[in-house]
Amino acid sequence: MGLMSPEQYKESLNDGRVVYYKGEKVKNVVTHPDVSVCVNLMAIDYEMAENPEYRDLAVVEDLETGESISRYYHKPQNAQDLLKAFELIVKATELGDGAIPFSHDIGADTMNAITITANMMGNKDYVERIENFRKELKKKDLATVAAVTDVKGDRMMRPSDPGQAHPDFNVRIVNKNDKGIVVRGAKIHISGAAYCNEILVIPCHAMSEADADYAVAFAVQPNTKGIRQVCRPFTSHISPLDFPNTRPLRVHTDSLIIFDDVLIPWERVFLCGEWKFTGPMVYNFALMHRRTGCAYRIPMTEQFVGAATAIAEYNGVIKASHVKEKLIDLVIYLETLKSLSKSACYDFVMRSGIAVPNPIATNMAKYHFASKYHDMVRIVQDLAGGIVVTAPTYKDFRLPELHDDIDKYLMGNRNISTENRLRMIDLIRWITRSEMENIAIHAEGSPMAERMTIFMEAAKLLKDCQKLAEELAQVKR
Amino acid sequence: MGLMSPEQYKESLNDGRVVYYKGEKVKNVVTHPDVSVCVNLMAIDYEMAENPEYRDLAVVEDLETGESISRYYHKPQNAQDLLKAFELIVKATELGDGAIPFSHDIGADTMNAITITANMMGNKDYVERIENFRKELKKKDLATVAAVTDVKGDRMMRPSDPGQAHPDFNVRIVNKNDKGIVVRGAKIHISGAAYCNEILVIPCHAMSEADADYAVAFAVQPNTKGIRQVCRPFTSHISPLDFPNTRPLRVHTDSLIIFDDVLIPWERVFLCGEWKFTGPMVYNFALMHRRTGCAYRIPMTEQFVGAATAIAEYNGVIKASHVKEKLIDLVIYLETLKSLSKSACYDFVMRSGIAVPNPIATNMAKYHFASKYHDMVRIVQDLAGGIVVTAPTYKDFRLPELHDDIDKYLMGNRNISTENRLRMIDLIRWITRSEMENIAIHAEGSPMAERMTIFMEAAKLLKDCQKLAEELAQVKR
Amino acid sequence: MGLMSPEQYKESLNDGRVVYYKGEKVKNVVTHPDVSVCVNLMAIDYEMAENPEYRDLAVVEDLETGESISRYYHKPQNAQDLLKAFELIVKATELGDGAIPFSHDIGADTMNAITITANMMGNKDYVERIENFRKELKKKDLATVAAVTDVKGDRMMRPSDPGQAHPDFNVRIVNKNDKGIVVRGAKIHISGAAYCNEILVIPCHAMSEADADYAVAFAVQPNTKGIRQVCRPFTSHISPLDFPNTRPLRVHTDSLIIFDDVLIPWERVFLCGEWKFTGPMVYNFALMHRRTGCAYRIPMTEQFVGAATAIAEYNGVIKASHVKEKLIDLVIYLETLKSLSKSACYDFVMRSGIAVPNPIATNMAKYHFASKYHDMVRIVQDLAGGIVVTAPTYKDFRLPELHDDIDKYLMGNRNISTENRLRMIDLIRWITRSEMENIAIHAEGSPMAERMTIFMEAAKLLKDCQKLAEELAQVKR
Amino acid sequence: MGLMSPEQYKESLNDGRVVYYKGEKVKNVVTHPDVSVCVNLMAIDYEMAENPEYRDLAVVEDLETGESISRYYHKPQNAQDLLKAFELIVKATELGDGAIPFSHDIGADTMNAITITANMMGNKDYVERIENFRKELKKKDLATVAAVTDVKGDRMMRPSDPGQAHPDFNVRIVNKNDKGIVVRGAKIHISGAAYCNEILVIPCHAMSEADADYAVAFAVQPNTKGIRQVCRPFTSHISPLDFPNTRPLRVHTDSLIIFDDVLIPWERVFLCGEWKFTGPMVYNFALMHRRTGCAYRIPMTEQFVGAATAIAEYNGVIKASHVKEKLIDLVIYLETLKSLSKSACYDFVMRSGIAVPNPIATNMAKYHFASKYHDMVRIVQDLAGGIVVTAPTYKDFRLPELHDDIDKYLMGNRNISTENRLRMIDLIRWITRSEMENIAIHAEGSPMAERMTIFMEAAKLLKDCQKLAEELAQVKR
């Protein structure tokens, strides 16, 4: 046992799981032409652990057993732990060419949220179960994802509202017996679920008493009876129209997971009707997950900064004052994201023995990223020019009767070959694709979710400041 | 002769023109699986003229001959003419499901710019040539596009700068003889050139004396010897992953046009070395073309407003206050675009007998559209949700073993079927595709171009206001 | 009778009205050192009517009597009427050095709102009364203001909510008898009330049935028994620290009007309990009043544009690219305000025989002005420099031992004298004073009020656009 | 010797310095009715050192002598030192009710910049002189300010450009002899100079070789022969129209300092013609000074947050969703300022033995504050309402015949007295005064200055990111 090798990880996936892709059932995710791309991306985490260059970042000694474990499964204790985990995600995403591998991070965020909640409840059973589960994850180094977002139905009604078309829009407990609980429902947007070892399921919002059956959290393996996944196909980058690029394609796919009366054994159940604790569980998960989100956006943003700088040079406009202004805006965007993310680590708060990133700073960092992302896309597209839409393809470029003319006419700065310019245009087309905009907004919660969290967290600050203003105005209450 | 029928238009295109698409020479654009889609879009203008419902809008009586001609080829004389032409483009774009047909509008803008410039020069030859050309266009109702943007090379150097890698980055006169002129160079981003009857070529920026050879404007037919076009392929909407939709796909393709020492007869030459008049020609073209651009953006924006309203209802969030705020922002964006565009018509200016839309208002309208477009995309994506990226495909939806579950779980508002919700998501994916963002920025000139024009045009305003401020401050100069 | 002269207007004010200013009762507003400044500003409207240069703009022939009347009291019938009235306000404000005279405009807006509402009700009594009142205003050319905003109390409770500290936070009917109605309450922010001839009182928001007693509109003269006004003092411009300026100070003062059981005769009552019509009355008033607001902001904004251009020249930075960018932003702000305001006139709607500016365009114009005003202040202050805060005073400038040094050292552009530069700084300090910011936000309703009106007015647009999107997505409902 | 008491500080100021205020020469700044207000504000720093509550923050043990010295004069060595100094400025500003005392901070920033520059030059004389001067400041605990901004003349010309009206727009060396140098010119915007002990003079921008005479830095006492100061009067808060407030007024005044051929002894000269080192000196000063600026803006911003929260409650609108949105924006503004400022300390860089705040983070923090300040003013004014402009004065409030009515009618939330509401309005009028806007933009350098510094500092980042993008695009250069 111990750390899993990339090969062991891949072998572990051929376990009879039910996964659909483009209307067909996938025989083996590891050998499927599209899903294997995602598997290879997730495997990066396992490769890092074996690579001497990254081992210190990716692997730590377990405080209890002294064994080598993934840093992700270590409970953060201080600012340094948080900063190191942050650095690990940044580096892993760099190795994923801007895509986060996803094999442990969200799972770890969920583990920590469940641990905090179990301790808040003071429920020893839950505390013991989650600690046992953590030990197993550490020992087997399993790939773990989180299934959070329910399909929800009508957003203005509670899960149990009789006005809902049916009661299954949120995952719920339909039965309990001595073996465990039986759950039904569907989770959506679940990145990496088709090629992980464990799925950690938690609610996606706070529940009221009437919704107690929806207050449920558990771990489940993807090949468990009653689980089916439907994946959204990705649009492949490596088109014969693009310039050939030997770097592997790096994308994930997201699952709709259908739970068709799935039995979850008791030792894997971490919440079961305690509706008052859904709020804290979701909240703590969101918090840690948003920190994770900010980390992996840093390499993505560096690609924006880099592509913008490059194309400005290639087009020959790098000295124009409005171009400088645009690059400054990109730098401010990137560096603000870094500063707020690191501040969140420095100003951490302790919750049930776990160091949690500062709630206000974390939410500001994610909100900063999400709310201004489209502005950055605009800048990159503005600098790139209309050629992003109208450039001749690689197929045209290599056609003997056209090659020399395209090579002649599509040069910008004479120090840069036309091929290099068109390659950069290909990259810009790829990094500014619109699905990334949608993900920027919605991954880890929409901008409104972050704003509302900031408001809640700022309650004391608002009160303190009001008191200060009242002293200055000599208001006597 | 007279108005061309859609059939006549299509027949006219099989004329030996040299067009490349995805690395292959196209035999006949009308029968090519992809390019024919564009041909059908361009044909809408000809269909309108035959349709009693739109005939009054699309066709006018020629002031000189009394014959029925396309409204586009009529020289606008007053606000009413400008408003009617505006209305015509809006309607044509509506019929194109948000894509402008493009068969006369940009050509007409170019005609008007050439006419104004010829009159400014007081050059009777040019005036006569362009009037003759206009008569021909009216009589034959030809599909005419404009070729403006040069490939440019290094943007910081003049066309004739010896520092450029070669002198052909801007279309130039390489020879003159008694038959005409010989031109060389390449134009890029030329929408509709592969399936038009006439290409009007003008410079893309003001030229200095050293660049006199680049001061050239002319009309040329696409099948003229020495002309090759390379088209950028479009990404088809009608994917088997999408819900089937019987509305035809509506997209254009843009050409890189290579001029390989092409002979242009004198009667088709409208500028030949008069470098001082390149500025006015480009400027007047940009002005009229930006008005055109604003018109066709109105139906596009209505799609945004409509899709946002629909998906907010389908998701069941239409009553939330932050959703209302987002819809208000969309309405303000749309209505400001309309108001500024119509103001530009009301406050027109006369130039050489042609009513031209108000320069400041027109540029503000285009700048408004372009600089805030990404914000509107963000709003639509925010309201739509992450499902835009993760929704199961139509192939999954119709799979018997998945259909009922997807139908059950992906419902939002119970009054809207899951299919309808997923269809709207398909539409949103389509209208928010990133190439439209790039086009929003760069078509008709980048935001910086509009700002600079506003500055130039505002010289008198700034001076008048300064005088007013000086009177108030009692400054005596 | 007929048009009132400035002298007659002033004489009419010494009528026993009860007005407080800085804690003292004002004997005669016309001779009071501060209030007389406001009286002189209001008199500009009367001066314009006598000035041949402006008479055509300020005076029209009454359609019924053929007599000369103020254009303000003419019922607008078409776009031309609206544009002319718009032009009149712009010109009057120019003559007021950026301050609108206020003697008829808001009164006229209120008259028109009352007329529309009376006709909507189909109440002949009201129609007759308001027509008679209009005749009187035309004949006597009275200075009329509107009293709209109630002091309100707790904003989250209805006027009649028992939770309010008392029932008088909104003006209400406390008694009715055969002579008329008796009203109690207080109105706030009433510009010009201390020096007008008639106050038109209407509700400030829509009332529910429980609030029927608050559904009241009437005309009252400022010297009526039971009316007291408390004016907010203005901060005088002409400080001995500023450079002396022979232009008169132009400012208004606003009143808190207390109605202490005031009897209003029936013929002056225009609404009395018909709560369903409070909405339309307020709404139509707001609409017309926002158009008025946009008009008078144009000369104010021209001062911003002018002062910014001047100080950029005086400081010697007019050629810097970031300075140009700032001037462009100012121009766009001004010209957008003009375009939207004029669009509102062109696209007017008819209501009960009165041409009303387009609701969406008008609200967008006001929202544009208000929501971006602070950005414009920022630009002007940015261009002016820290010297706005730190410049030596006029008193220092004229001190023999300092004069030459200040003159030497505080020069910028050598073609502009130091005195001129410091005069412009004085002007900038004046036009960017913070009370103008507050007024920009709140006068004619806060930005949120405009947004909400746009939303209401856009209901049909949203529905039409949704239908369009559904057709494109082939949604079948 | 050692730390100075507040009394000693005040006594030290009556030294014959030449200061003008409102056109009159000030006899003694300590007893002058207006300037004494500023003196009292500056004395807060000295009071803190004597106050046991703040002593640990304000005073440190000198590393060399072991004596108690002001923390400001200690050379920061690490993040902790920077964070402590940051905390000290925040606290001092809190005690100044939002105004920074200014007695050491800018002086210390200048000292550090001079020290770094002297070491960069490797000039032992300068290193020794500045170390001696630092020892003196430590020992005597002198109040030290910085004189940086020259009056400049035409901003587009270099100081020595013959096109300037005269050569004295920037402070320059007009003579050198064995005693020292003789300087002429004028500095503007010099806060606190009228009531400090030492003025540290440095250039305000990088100089070229032609401007070597302007490359000059030195220390000078305010009573030195040839120095005259002209102060800009402040507008007093404590108006009889406002509600009486027993907290002392807290404001500074800024000087125009005229140097009329002033002799500076050699031991006080720190730069004398070494034009290449003006850039680093200015740059390092700006950097440290911007960190200082961010610190003192925190208590100011807390006043905004507090006043906004209070008035929202007092007006009874705290539950409205758009009010929440506005408070969230204020919180994000404040917390981003804090996060960026603290990040700048954590990510410090070492320069010549001095820990300097991170250049990019510091400039972003200042730019964040300055560029969004007007938006925050807008929010506070929006929440406060028009009553800020129209409220009756305290004089009216206490008039027996008006008191009860004003008290009755101007209540909002019934749990808050009318007096408290009006007091908060007074405070809002004070904190949103327009001079604070001007200061927000221009103090510590205009927004454009911060952007340009970010660009310069980001050169390596841009290059690294470009390299990354080129690897992804497989660009081979």
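For reference, chains read A, B, C and D in written order, and residue numbers begin at 1 within each chain.
One rule holds for everything that comes next: a contact is a pair of C-beta atoms (placed from the backbone, for glycine too) under 8 Å apart; a residue touches a chain by one contact, two chains touch by 3 or more.
Just so it is clear, the model here is predicted, and its values are computed rather than measured.
Steps from chain A to chain C, minimised over paths through touching chains, total 1. Two copies of one chain, chain C and chain D, touch each other, and the residues they use overlap strongly: the shared fraction of interface numbers exceeds half.
Remark: among chain pairs A-D and A-B, A-B carries the greater number of C-beta contacts. Chain A and chain D have centres, each the mean of its CA atoms, that are 42 Å apart. Note: centroid distance chain A to chain B, computed from Cα atoms, is 39 Å.
Residues of chain B found to touch two or more other chains are 322, 325.
Within the complex formed with chain D, the chain B residues making contact are 321-322, 325. Contacts from chain D toward chain A in the complex involve residues 97-98, 243, 245-247, 302-303, 305-307, 309-310, 313, 324-325, 327-328, 331-332, 334-336, 339-340, 342-343, 346-347, 360-361, 364, 367-368, 416, 420, 423-424, 426-427, 451, 454-455, 458, 461-470, 472-477.
Residues 20, 22-24, 149, 151-157, 163-166, 168-169, 185-186, 188-189, 228, 230, 232-233, 241, 254-256, 258, 260, 315-317, 319-320, 322, 373-375, 377-378, 381-382, 384-393, 395-396, 398-399, 402, 405-406, 408-414, 429, 432-435, 437-439, 441-443, 446-448 of chain B are the ones touching chain A in the complex.
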